[in-house]
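Each of the next two complexes has chain A plus one other chain: chain B in the first, chain C in the second.
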Partner chain A sequence: MPDKKLKRVDLIFSEECSCKDVLADGLKKSNEELLNEILDSGLRGRGGAGFPTGLKWKFTAQEKAEEKYVVCNADEGEPGTFKDREILSRVPLKVFGGMAMCAKVIGAKHGYLYLRGEYQFLKNDLQKALDEFHSYLKEMDFDFQIHILMGSGAYICGEESALFESMEGKRGEPRNKPPYPTVAGFRNKPTVINNVETLVYSFMITRIGAKTFHDLGTADSRGSKVFSVSGDTPIPGIYELELGMPLEDFVEEFGDGDTKAVQVGGAAGFCVPRKKFKDTIIGFEGVPTGGSMMIFNSSRSMYNVLKNYVEFFEEESCGQCTPCRVGCQQLKHGIEAVKRGDKSAAYLDTLQKLAETMKVTAKCGLGQSVANSFSSIVDNFKEEMIY
Partner chain B sequence: MPEIKELVKQLADEHGRTRESLLPILQGIVSEERYVSDFAMTEVARELDMSAALVYGTATFYSFLDTQPRGEFVIRLCRTITCDMKGKKQILKTLEDLLKIDVGETTKDSKFTLLETNCLGWCHKGPAMLINDEIYTDLTPEKVNEIIGEYMKK
Partner chain C sequence: MKDKNMANTINLKIDGIDVSVEEGKTVLDAANKLNIHIPTLCHHEDLCVAGNCRVCVVEQEGAKNLVASCATPAAEGMVINTNTHKVRNARKHIVELLLSEHNADCTKCYKNTKCELQDLASELVITEPMFIDLVPGKNYTTDQQSPSIIKDDSKCIRCQRCVRTCAELQHVSALGVAYKGDQMKISTFFENPMYDVVCTNCGQCVNRCPTGALIEKNYLDEVWEAIYDEDKHVVVQTAPATRIALGEDLGMEPGSIVTGKMASALRRLGFDSVLDTDFTADLTIMEEGTELLTRLKKALVDKDTSVKLPMTTSCSPGWIKFIEHMYPEYLENVSTCKSPQQMFGALAKTYYAQKKEIDPSKVVSVSIMPCTAKKYEANRPEMRDSGYQDVDLGLTTRELAVMIRQAGIDFQKLPDEKFDSLMGDSSGAAVIFGATGGVMEAALRTAYEIVTGREVPFDNLNITPVRGMEGVREAAIKIENTKPEWNFLEGVELKTVVAHGLTNAHKVMEAVKSGKADWHFIEIMACPGGCLGGGGQPIPTTPEIRQKRAEVIYREDEGMPVRKSHENPEIQQIYKDFLGEPLSHKSHELLHTHYQPRKRH
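What follows is the complex of A and B.
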């Protein structure tokens, strides 16, 4: 690993070029050219899971269906993440632009932006921007319509198949996979569902070219990423940084000098303690993140942090599958019992096993990822769980 | 309750009468009435020609679709750890003292309901709360006093 310092990047919010021009240039390109640019750039989903964006587009483009859809996942709910709100309020046209590029490649006539209920206050401005965008499309004679749909306060709807269920007026309960959305997504039609930030990068890649993007980051994590920095830091906020940096450099820049741990990737992510800062890479080869970076200094109780996360999961579990529904409740009761002294410290090992079981048996990413924060916090801060 | 009947009809005219219209219709009811009553749910079922159980199933899944009476102003304070670290507990206490209710309760005059909610997406400006759809960030007890004072006058 070459020594790499934190590098700021300005792609997402840059206003150097007019969205209208980028859109016009992009729509003039052939579908193959556009798709190859996204494939060659190495862009992977920015919502957290990191699936290669180009492949998603390619698979959907290959499907034969009368209707196909592009869906923008703006149901940003991961604790500690606020970058999508910032992107939507500052550069909405770029988000719509990414949707239009995707629509061209896969052959979709309709796109949907699913906005979380907590961001209702953004809707009017978004709609205004969308009207402007639709007028561009009309001028360019490109047949594509975007609709804004609202969520109603359910974290699980950020899971793609749950989001489709919600768009269809149902309870936001994840579906079995396969089939994947590229085959059967919204209304069981081939659908590309991308995170807000992923769509903006797709749009910008058509402007800057695959190579410029590919040159940023590391072999496994190409490009840059928007980070939401919060917690014990003198400079909380949104930062676009090159991927693949050591956590140590991140802490040096953003920490308050007394950083004890960083939770990378929100409640569903991993807790990295101080002794591992040096060897931890932020990216798909190390610890991936949808953008959430919560910094804790030594005055914080990691028990409180874990309890807050477990309570969050208990509340947001859709309740559909037993491992997640019961597992989250038991993890919460378990750590409380150990803290009270009703259970011995060895009980933490039993809870760890439960979390591991959830990882392999839960139906969707929510239940599967509870073990990430649970195990990484319990492993690294065991004494704080007990005393 | 002719008004609810009328409202449901209006919303169905606007959003359509398919399963996909269900969520926007329920959201429309909540933005007018602050909650979806049993009566409203059966009305929606009748208007959309679907079983009331389906409507109930969808309505009860979403935390912003309240199914019990709420005040005119619903306060949702973010309970995520980052807001907690910036003094959320003090904010909660201030709200409880001002409104003389606990979390989950509604004031006697049906003006305010106080709830906690998961991450609102303002972690860099915590503590944060929503009052209906309006967002308030960087809260301090003094600021909360001021904000609630303004709402009390409404």
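What follows is the complex of A and C.
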């Protein structure tokens, strides 16, 4: 087990550098140099799934196509996550900078930022920043245009292929994979789609170098990450921390002294109970997170927490595939029936098996991840489900 | 990137057996090649891959999750297992989930014993439901307003076959997906009834719905009532495409011709007179062929600029509704001829009733059609020229099969019988109305002969360029050595195009709209393959089944003693005794009509 301690880092919001200079320096580098920096840094997607960013760029760069796109996924919808909002309001130029670096590597002329519908209030400021950014690009004679597109409030549109469908003006339903976006993404053209935070890190890596980033974190989880801390904490907010810390450290720093459980990774993530804080690492070798850290103290009913999550999924499933659409309904009705006493406690085992089926049969990440919170909460707080 | 024309072979292993398939094929295709049955629900051969029901999941070695075999391309070295513990559990769960959202009151369902979900539940031996019944908490509704199609949301499994059918095959998109999550449903524009939206009533969704969510509105009780009513004289007409498909619903293989058995069965069911829509198909050719030649004459000789060309056929009521909604500005290009069903209806209560000395108010006119749109057509206000509703009850081929079973008739052992007379005789030209290109071929056989006095210059009258299953087919026929009265057509190359499926109709009409097309005559059938693939035909439908039906249609044509509409003796008789000549005043009164523009939603 890696021996990391909680450590605050400041790569994302640091104002010591001028975005314009970083951009200019980056655009002077060769594509190979840029790509190798991202590959060598070990950066993995910060949206939650953790796919190596460099590989995504590399695969897309290798595709031969007239058009390619870079898309910034700013459809931040995971319950308990609000770090992209902060990044977009404080350092939008760095986000655009990351898109430009990617565009250079893969050969894209157009980029899109898909903004969560509820973040409409950010749009004017973002557009202003974008106009400024476009003026830099013009000065530097780099042919790349970014467009901001608005989502309409569906959680599923954060799923990359549903996001493409939505961008194309269709109903936001996930596609079958393969083909993956690197081969056929937006308008069926090779596309890199990265989370807001991933793009900022990519941009910063071109400045600080792969090694500085790589030196942070653990073997599977290089670098640092922005956490959205909420719940029973005296200090909710956005924190950039090195990856790989034990959850115990995190709770010590952010908890209120009575922490019962931490939901790591939002509704789609895992619930870690107090007894496992010590042995749980925050990172891909332990419990990964897209940033959401929800802290619950002993006054909270974990039944209510779980019910809230399954209600959320029941409503936010796109409804396309059977396991997700009906499975979510059954999980919700199931725990309610057990709580009421209409179903015996043994029915929870049936529901656990159903959650497992959803994990292995659902069409996209939404349905596949419902089991994460469901199983971890039911396993660890069974008595709260029944009584 | 590999050249797409070079079909690479992919080698994989399914359930321990090696199999090779072309690149681009799915795991499901590969399993089918090995005759390994993987259950499916959302998959349909005519439609794009959806991968949403998840019933076809299988285990791929090395993959963390199960994969949907219908949506997963076969890949080199793949190892697939279709019958593992994990697969079986998952499959059962998924079917259980579908059932928990489904109004599984099977004995009260029109699709009972013909339901893909029921088959699957039976295969998996699902007796005690595993999950909570969600149906009581749903506000499912049933839309029964359309005279053609009933949409019962409580039976829907959200496989979206209907949505894909309506969009991909028909370019209509009357059905779409609304809402999300537990509220997600298949719906229409503003959730209006199907009767009030762009729906063409083609019934292709009905043909592909795996459950009872989309069915034809049946008129079985009404027909039985009429038959049992001593006071009524019930005449029945059967469309060209019924006789080459009916057998499929009565235990026979696709590609069985049952014309004689069908006539025999109808008689045993108790119809007072067993007649044939093929007769009015021949009549349609006389009227429509003459109309085309008249339009050509007005355009070429009289230089009448008000004449609309190209002229399109008007037999397919799905096509009529489509053009009313989508291209109302071209309604005058549609032939004014009613469809054979409606010509028959108008004549049954006039010509037939007079000849048989029956009070037309006592005549009940029933049609057996391969079509659901015919039900709507029969109810159109335009279709009352006999002074009554011309066709009282429109049944599908499927409904006739139900009646035959209800009557306890051993269909396959029936003797072959003939249709009754007056309006029972027909030619081969009428039979081929059932296949895409058939109306065109029948019209050319007659029109060419009217103009030149000679038979069409094709071997054995088979105008093969207009046949086949290509979506849009162009053909030209040069007119030479005309009779003196038609010499204005001398040397004219008559240009035709045939399209089937409304997506292809859309392509043709866009070409017309762009002004680039120089066709004179357009045949459009709403359904894939023409009427043989109609929305009222036996289920299932696949390209292979439609191909078999087409083959027997042409075989039936070749076996007919009369192959040209104008040589049908009963046709000659009706002009002599009743109509006078094609496009006569009487014809116009009874056999022609006009349609109305409609909104595009």
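We adopt the following convention: the second predicted complex is superposed on the first by the 386 of 387 C-alpha atoms of A that agree within 3 Å, B and C clash if a C-alpha of one lies under 4 Å from a C-alpha of the other, contacts with A are read in each partner's own complex, and residues count from 1 in each chain.
As a working rule, a residue touches a chain if its C-beta (ideal position, glycine included) is under 8 Å from a C-beta of that chain, and two chains touch if they have at least 3 such contacts.
Since the structure is predicted, the reported quantities are computational estimates derived from the model, not experimental observations.
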The answer to whether chain B or chain C touches more of chain A is B
Touching A:H147, do we find chain B (first), chain C (second), both, or neither? neither
- Please work out whether A:E314 is in contact with chain B alone, chain C alone, both, or neither, and reply first, second, both or neither. second
Check your understanding: So, does A:R171 touch the first partner chain B, the second partner chain C, both, or neither?
Key -> both
| First, second, both or neither for A:F82, with chain B first and chain C second | first
Quick one: is A:V360 in contact with chain B, with chain C, with both, or with neither? Answer first, second, both or neither.
second
TODO: Mind working out whether A:T322 is in touch with chain B, chain C, both or neither, as first, second, both or neither?
DONE: second
Margin query: In the overlaid three-chain picture, which partner chain does A:R300 touch, first (chain B) or second (chain C), both, or neither?
Written below: first
If we overlay the two complexes on their shared chain A, which of chain B and chain C does A:R90 touch? Say first, second, both or neither. neither
- [ ] Applying the touch criterion given at the start, work out whether A:K64 contacts chain B, chain C, both or neither, answering first, second, both or neither.
- [x] second
Contacts of chain A common to chain B and chain C in the A-superposed view 154, 171, 173, 315-316, 318
Chain C residues touching chain A in their complex are 1, 49, 51-55, 57, 64-66, 68, 71-73, 86, 89-90, 93-94, 97-98, 100-101, 130-132, 134, 137, 157-158, 160, 176-177, 179-184
The answer for chain A against chain B in the complex is residues 76-82, 84-85, 116-121, 149-155, 166-173, 228-232, 236-238, 294, 296, 300, 304-305, 308-309, 311-312, 315-316, 318
In the complex, the residues of chain B that touch chain A are 18-24, 26-27, 30, 57-58, 61-65, 79-82, 84-85, 117-126, 130, 133-135
Counting only contacts in the complex, chain A reaches chain C at residues 64, 154, 156, 171, 173, 176, 178, 313-323, 325-330, 333-334, 337, 343, 350, 353-354, 357, 359-363, 368
